[in-house]
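Input: a single structure, listed below in structure tokens.
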Amino acid sequence: MALVNIDQVHKYYGDLHVLKGIDLKIDAGEVVSIIGRSGSGKSTLLRCMNGLEAYQHGGIVVDNKEVSSDEKQVRLLARSVGMVFQSFNLFPHLTVGENIMLAPKLVLKLSSKEARALAEDKLDKVGLAEKIDEYPDCLSGGQQQRVAIARALAMSPKVLLCDEITSALDPELVGEVLRVLEQLASEGMTLVLVTHEMNFARDVGDRVVFMHMGKVWESGPAKEVFENPTTPELKSFINAVL
Amino acid sequence: MIEFTNWDILRNLLLAARWTIALSLTAFIGGTIVGLLLTAMRLSGRRPLQWLVRGYVELFQGTPLLMQLFLVFFGLSLLGFDISAWAAAAFALTFFTSAFLTEIWRGCIDTLPRGQWEASRCLGLNFKQTLSRVILPQAVRVALAPTVGFSVQVVKGTALASIIGFVELTKAGTMLNNATFEPFKIFAMVALIYFALCYPLSLASQRLEKKFNGSR
Amino acid sequence: MLNFSDLLPYSDLLLQGLWVTVVLTFYATLGGVAIGTACAAGRHYGGKVLRGAIGSYVELIRNTPFIVQLFFIFFGLPAIGIKLSAWEAGLLAMLINLGAYSTEIIRAGLAATPKAQVEAARVLGLSPHQVFFRVVLIPAFEKIYPALTSQCIIVMLGSAVVSQISVMDLTYAANLIQSRSFRSFEAYLVVAVMYLLFAIFMRQTFEWVGRRLFRHRRVST
């Protein structure tokens, strides 16, 4: 069974039908980029995958766990699914290290010592080991986002969801975050990215999913999708963004 | 002992509440006038005046209203003025109100972005023009809600005039209590009358806040 | 014309009164903020009935004078069998009063916490309880800390009124001294200055506590 199984998922906001029967399977180790215009439902789909958004029909199973927006289930899923946000969402009153240690200590019940070692290890991975005792306010946006990645990794998730994680960054800071993702991909981490970084999607991603009007409009191996788009919608989208 | 019916009690309280309203209005209007003067002094750009205003505000915000009442009451009679409880309360509440309003308005003027002053200067407006055409029209909108909100504090503050013997709502309550020995009922009624006076003002302040917060 | 030397024999009385005011303020601040935090959480997360009940409490207290609340507690409650000493009644009135104001202040802080912060904590697996205490509460307090400081000082200054039910606080001492020394203006002036100094001391203490509670501010500025 695939790591992520999305089966005929429908979602409504009141009368608005935002996801119209999504089918998607993602295997362990895959890097999947979800692209599309704003309002196409790509972020909503991502947020359905760890229960942040409820869906009304169909089913999502991640790491053999049924996904729902039920409070308990969201908590259970946190051990399998990590998430990084566009706006970093680091906790401002905690140091970088404390941000990373919080959930391992409270949820995984690690000792302070174990959690600290874990934080050091993950920070090292994103190249910020020396920032462990600083507060998020003192870091650049790119550094904050790398800390947010380290924080998500500390829960050893099976899959990492990235919701437009470079969109809030100044252009010169985008590279450092993408390099961390690239490294994760090369180590075999399963990544699902909602992104506007088309070069990254093409060069690092295994697969690209193009969403349009709440549906998976077109999907396939990354290079193929960019070189030979079949639908006119994808063609015009690629022309507009590349 | 005279028998008081509920109606007698309520009627006496309501009659006394007129004085609460009169004192509130006097203090609020007086406080607004003094507060405007103080605000003008603060905006004048003259250091000594600004310090004076700062000290005035600190003094009245840092001491109990009750002390202010006592000091005005006993201080003026020490200076040889024979002063009524009404006048002492009106003066003290006016000072108290003006200090708080000055501070509230300072906050409102200071929240306006510096860019507003800078943009006006670049357009060649002088200080007075900037203040009257750019800053104040915006500040007034922001200031309306907290100013109305503070009027609640003024109404409640008038209750302390009872302590220096001015017969308003609270004093009437204690007097009626001494005559009837029904403190539970009487102070509940007193509280409800205050609530009836204050709650509409609180609501108005909340409405204004909602109305102007969005449009800033 | 002014004569302060007549007040000297009463300095012990003043210090005793100050101590009562300090102790009342200390308990009222801790208890009132605790009540406010609980009610704010109830108003923010609770069901309709709880929200309505807390809302009524807050509005009732905020729209009636402290002195009337005090008289109701001290004179009114015994009529229904609740007898409190003057000191207890004074403290209770202060607790209820600060509780209502701080509910409103803290609620604003809770409402100002970005929803995304809560989401980030949820997807890390924190329980609602952990999210509230570890992620929401401290930044919320930081936002409203200046307002809370001012409110605690306002309640301290308002406590002068408890002298009216013969709690022997600082104002009570002033009343006593003026009746014995006939130096009313001087007595009240000295006591007013003592209140002013205590208000300044409170503000400094709050700032000191705040610097330790919200450390990251210092690092960033």
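Chains: A, B and C, in written order; residue numbering restarts at 1 for each.
The rule is simple: a residue touches a chain if its C-beta (ideal position, glycine included) is under 8 Å from a C-beta of that chain, and two chains touch if they have at least 3 such contacts.
Predicted, not measured: the structure shown is a model, and the values here were computed from it.
Asks: Which chains, if any, touch chain A and chain C both?
Replies: Correct list: empty, since no chain touches both.
Asks: Which interface, named by its two chains, has the most contact pairs?
Replies: Chain pair with the maximum contact count: B-C.
Asks: What is the distance in Å between the mean C-alpha positions of chain A and chain C?
Replies: Distance between chain centres, rounded to whole Å: 46 Å.
Asks: Counting only Cα atoms for the centres, state how far chain A is from chain B in Å.
Replies: Comparing mean C-alpha positions, chain B is 54 Å from chain A.
Asks: Between chain B and chain C, what distance separates the C-alpha centroids? Give it in angstrom.
Replies: 20
Asks: In the complex, go through chain A and note every residue touching chain C.
Replies: Contacts found on chain A: 50, 52, 71, 74-79, 81-83, 85, 87, 89-95, 102-103, 106-107, 134-138, 148, 151-152, 155.
Asks: Considering only the defined contacts, which chain C positions touch chain B in the complex?
Replies: Touching chain B from chain C are residues 1, 59-60, 62-69, 71-72, 75-80, 153, 157-161, 164, 171, 174, 178, 184-185, 188-189, 191-192, 195-196, 199-200.
Asks: Chain A touches which residues of chain C in the complex?
Replies: Chain C residues touching chain A: 114, 116-117, 119-128, 130, 134-135, 138-139, 142, 214-216, 219-220.
Asks: Could you list, by residue number, the parts of chain B that touch chain C in their complex?
Replies: These residues of chain B touch chain C: 58-59, 61-68, 70-71, 74-75, 78, 152, 156-157, 159-160, 162-163, 170, 173-174, 177, 182-184, 186-188, 190-191, 194-195, 198-199, 202.
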